[in-house]
Amino acid sequence: MTEMRVRVAIREALREEMERDDSVFLLGEDIGSFGGAFGVTKGLLEDFGPDRVIEPPLSESGFIGSAVGAAMMGMRPIAEIMFVDFITVAMDQIVNNAAKMSYMYDGEISVPMVIRAPCGAGVRMGVHHSQSFEAWFAHVPGLKVVMPSTPADAKGLLKTSVRDNDPVIFLEHKGNYHTKGPVPDGEHLVPLGKADVKREGRDVTVVALGIMVGKALAAAEQLQEEGISVEVIDPRSLQPLDEESLVASAAKTGRVVIAHEAVGPYGPGAEIAAVIGNGAFGYLDRPIERVAMPFVPVPFSPVLEDHVIPKEEHIIVAVKRVLGEA
Amino acid sequence: MTEMRVRVAIREALREEMERDDSVFLLGEDIGSFGGAFGVTKGLLEDFGPDRVIEPPLSESGFIGSAVGAAMMGMRPIAEIMFVDFITVAMDQIVNNAAKMSYMYDGEISVPMVIRAPCGAGVRMGVHHSQSFEAWFAHVPGLKVVMPSTPADAKGLLKTSVRDNDPVIFLEHKGNYHTKGPVPDGEHLVPLGKADVKREGRDVTVVALGIMVGKALAAAEQLQEEGISVEVIDPRSLQPLDEESLVASAAKTGRVVIAHEAVGPYGPGAEIAAVIGNGAFGYLDRPIERVAMPFVPVPFSPVLEDHVIPKEEHIIVAVKRVLGEA
Amino acid sequence: MPVSNEDLVAMYRWLTLTRHFEERVCDLQFQRGIPELQHASIGQEAVGVGACYGLRPDDVVTPSLRTRAAYLVKGISPERQMAAMYGKATGAGRGKETSHHMGDRELGVVAGSGVVGGSIPVAVGVALAFKLQDTDRVSVVFFGDGASNRGDFHEALNLAAVFRLPVVCVCENNQYAQSMAIAQYLPIANVADRAAGYGMPGIVVDGNDVVAVHDAVQEAVARARAGDGPSLVECKTYRWRGHSERDAGEVYRAREEVEEWKKLCPVEKLRERLISSGVISQQQVEEIEAEVSQIVDRAVEFAESSPFPDPEEALLHAYATPVGGLR
Amino acid sequence: MPVSNEDLVAMYRWLTLTRHFEERVCDLQFQRGIPELQHASIGQEAVGVGACYGLRPDDVVTPSLRTRAAYLVKGISPERQMAAMYGKATGAGRGKETSHHMGDRELGVVAGSGVVGGSIPVAVGVALAFKLQDTDRVSVVFFGDGASNRGDFHEALNLAAVFRLPVVCVCENNQYAQSMAIAQYLPIANVADRAAGYGMPGIVVDGNDVVAVHDAVQEAVARARAGDGPSLVECKTYRWRGHSERDAGEVYRAREEVEEWKKLCPVEKLRERLISSGVISQQQVEEIEAEVSQIVDRAVEFAESSPFPDPEEALLHAYATPVGGLR
């Protein structure tokens, strides 16, 4: 095990996969000498050269589309969208080309590409640099959607995503890049579609996505002091979604809180709530609670932004509510 | 009351609002002499002229963006996207411009525009002409999302949408254009955010969206013969969503089926299930069932397409399942 | 390399086959209830034939919505295309895709997008792969004049130019985008003039002259293969029929206009040249007609006698690597 | 209409104010923990000043991410802009928006998009409204050289050209898009050359010469006002600082290059002209410096003494017409 930040874990995954497989290449604005807006790709241009670390013009639809074409011809592009907010300009390429090709060819072709995109709020950049769109992508057949929370998962899930033959939307929360944690040494792969129980507990299940996992663990720690035993489970991928593990945890505790940073309505938590509500029906002692961004854009001013970002304390309140204590 | 098809009801709404308010204009490809891909706008160019019925070049991002700017300057554009599948190229304009302006100006400006878009499957046009994206839009703060099922609702909701000061995504199911029904004569407005009980019943609630409303009513009719009393409720708008009415119906019957044509995972039914599961907790006798498109693109071949489209019979099976009969 | 007489005859045969195929589909569309709505390329056959004839088998083509000829010349059999129109298991993606957007991995055809213009970046990505793989394969992409207004056209051509990618962009300028006339959306004389905005050659050719198309595209292909980057070749042509078979094509244009263009028929044009130069005889012409007519007969027979896919197959292959319940 | 001496002095004052404002923010960014990440326009001030000076109050401006001068000249007070940088209730959208994308309904400023290029279609729509409303108002939109690679640039300019809309498209070509040098993404000499693809005038001017910018834009504005349609004016300039204050701007370009461009300072350029032609004295220059410095002092004071918004306000105004629980 080596302690490292998520940023470094991702860089290691990129480096290892590029070393392992010549067809893997990176594609994104400012990922070269600049090292990417969040420093993730630092050093890779120097090490792999401009044929493996490609900087296209500012044209996300164009370059995501070109990644699809390259992937169909046997390459394995890893494209970076600087902020997931900008992926809106490439939706057609993702939804109508990347996601559809396998089906259109009835499985005779595949589009092995990864789109890495920093998501989430907290960076004081306002409405166009803070969003979370994972629910959109998870609603599109043909796409896989991954949201790591720890350095180990970030590395292991990314390596698996690069080797996967389907287009994978890999969502990195900006606020997580500096999160530190142990990463297994040597080859480390984490399968898609396997939730991970980050903390075992008896009383309440908190299903947390991405950056909310850390907040859920902190909340669990606090609640432990009050004698409340919280299980924290991280789906890690939304598509495929490990319904079985989520339902099992919910059935065990009988009380469920779902926490994500995306806005609530029609968000990822809706599906998780629906799945658990169905699968654990009869085992639930209380209605499922969702903790999410309120249904507004993310404002710029720190006092406003801090007010809307879902935090530890919201999870604590929700846990108490499902325990009937609030 | 006058019997008319949805297509005509929409055309009447457009005509009435254009007559009422000079700032209302239409914007879309082939909406002029051609009358639109589905004939909705037939005759409007002739009656209102090319300054009110504007045909832009094939560039949906460009013209949706221009509708945003025009709306900010006091116009009320009604833009048409020929198939909602193509809206993917205009997502940025919708999500990052139209939906954000009011908030960015802290309410000092509004973007009164409507985007009409035919959605749904059944037209033998395959993966790129058959999708349903309502859940995406309903997940975006700043947007309103409307899905009419009957001619009366289509007319009344569209007129309300045109007068609304926020951007409204108005989704017309292609398979519904020829649906006939009575439409109140004279000024007819239907509010956003008010669900409509299309049929009262005692045993099971079927929440149905868009084209599924007709199928739910047909299913209810059949089930009636077996002595099963089905309530069919149509949310009509997904954003705002009339949670209260949905929960009330669910609490009354204790059994819920949700039916939509979009794919299931992370679809509109997830939110509805989550809302009902929470609001009617303790009143539900059985887990909520969802009827939806299987998680694949919509294939072209009639035998394949017919196989994936959710139908009356799927609703019947689901109703029986929530009654514990299957 | 100038085209030989054999080449001319071969191209003539492709033109004739395309014409027959398309006409047959139009005839049968409603008569037999063919489920795929035909978007006929009649009148425009020279573009696909001229552009694809002479490509290497390992070159890759990305068609537009109206590029029947490209599919044929690239080697997708009339049988399979017809079966695709019928939605049969022997068709495109075993019934999942229509004939006019179908792809074929082996033959080097990229499945097109129903979203106009959406395939141009994909085709540029094909060229990017070729460059990264250090091959001399070429990517050829077709799109309409309408598509040249899409952002994807701009982004893709710019990308291709910046990286000097081996891609030939062929614009099938048939003067209309659905019901809209080109003057409604193109504020300049030629789509090809837009090439200057990317510093790439922009060539205008008579799209009804298969030899002119062939020569221009072959030149562009040679440039691409030599590593000299992309080109934009605009082929001026005309769509004889409506946008689709559900459109009579009569509300938005004058019959006379259609008639004028019919005089410039690309099939006749080459036939006259071949006959007047003595390359083929009237009899040979008739033999070719008979031959392709039979090919189309067989395609229809094949399509009609083919089975539909098993409905359950609809649930497969949304994913190439099915995991965790995804299929 | 040639600029008068008063105009020149007024423009000089705007240039100086912009420069001071930007420099102050750079100084204070980390020192005072200003939450908005500054994307300084230092070195590019002449573009916004030249383009906006002389516009009518009812003309509408849509800024890029680096158009401080446009905001100032359009009349958004330095106080409000500075308060916006601090995220105060007296700032943009009562704290909801940053200073560099803020809008102002009364003053005719359209809130910009953080998605590069996304505002161009919006500004074209502003012009569409003006045309439909039969006014002679003009829409002016700013964007970078990087943005000219976005599909929205293409679609918007084409739309503007087709409908001959009263919009002036001003490209702030500062040679870089974040860390990428223009040669990496522009395969031609000038962004303005792309105008030919839309049949509109494409003009290149020295973007560090405020008078040149002013003249070119005023000419384009006059064309637009007269109903003669859109223009593209490219202003060649340079970004002295990094992309943002988090970027030292040093990994991807040579110091010498920056130094060369600093010699072409737009503020100095006009100052020398004014002094050498005797329009103003050195003393007047110093007075202006002192005056704008005080204005910026006051802006900082105002910002720092302004209250933050009430956190609960974050929950309001996502909708203009709140219904059914939406707010």
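Which chain is which? They are A, B, C and D, in the order written, and residues in each are numbered from 1.
Here is the rule we use: a contact is a pair of C-beta atoms (placed from the backbone, for glycine too) under 8 Å apart; a residue touches a chain by one contact, two chains touch by 3 or more.
Keep in mind that this is a model prediction, so the values were computed, not measured.
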Centroid-based (C-alpha) most distant chain relative to chain C: D
Pair exhibiting more inter-chain C-beta contacts, A-C or A-D: A-C
Inter-chain centre distance, chain A versus chain C - centres from mean C-alpha coordinates, in Å: 40
Inter-chain centre distance, chain A versus chain B - centres from mean C-alpha coordinates, in Å: 30
Averaged-CA centre spacing for the pair chain D and chain C, given as whole angstrom: 45
Distance from the mean Cα position of chain D to that of chain A, given in whole angstrom: 36
In chain B, residues with contacts to at least two other chains: 56-57, 59, 61-62, 85-86, 88-89, 92, 96, 100, 103-104, 127-128, 141-142, 239, 241, 295-297, 299
Chain C, residues touching no fewer than two other chains: 92-93, 96-97, 101, 113-115, 118, 149-152, 154-155, 158, 162, 184-186, 313, 316, 318, 326
Chain C residues within the chain A interface of the complex: 60, 62, 92-94, 96-97, 101-103, 105, 110-111, 113-115, 118-130, 132-133, 139, 151-152, 154-156, 158-159, 162-163, 313, 316-321, 323-326
Residues of chain B defined as touching chain C within the complex: 29-30, 32-34, 37, 55-59, 61-62, 83, 85-86, 88-89, 124-129, 294-297, 299-308
Chain D residues touching chain C - in the complex, by the definition given at the top: 149-155, 158, 161-162, 184-188, 193-194, 196-200
Interfacial residue positions of chain B with respect to chain A in the complex: 61, 85-86, 88-89, 91-92, 95-96, 99-100, 103-104, 127-128, 133, 135-136, 138-139, 141-142, 238-239, 241, 262-263, 265-271, 273-274, 277-279, 281, 284, 286-290, 295-297, 299
For the chain C and chain B complex, residues of the former touching the latter: 35-37, 87-88, 91-93, 95-98, 101, 113-118, 146-147, 149-152, 177-180, 184-186, 247, 251-252, 308-309, 311-316, 318, 326-327
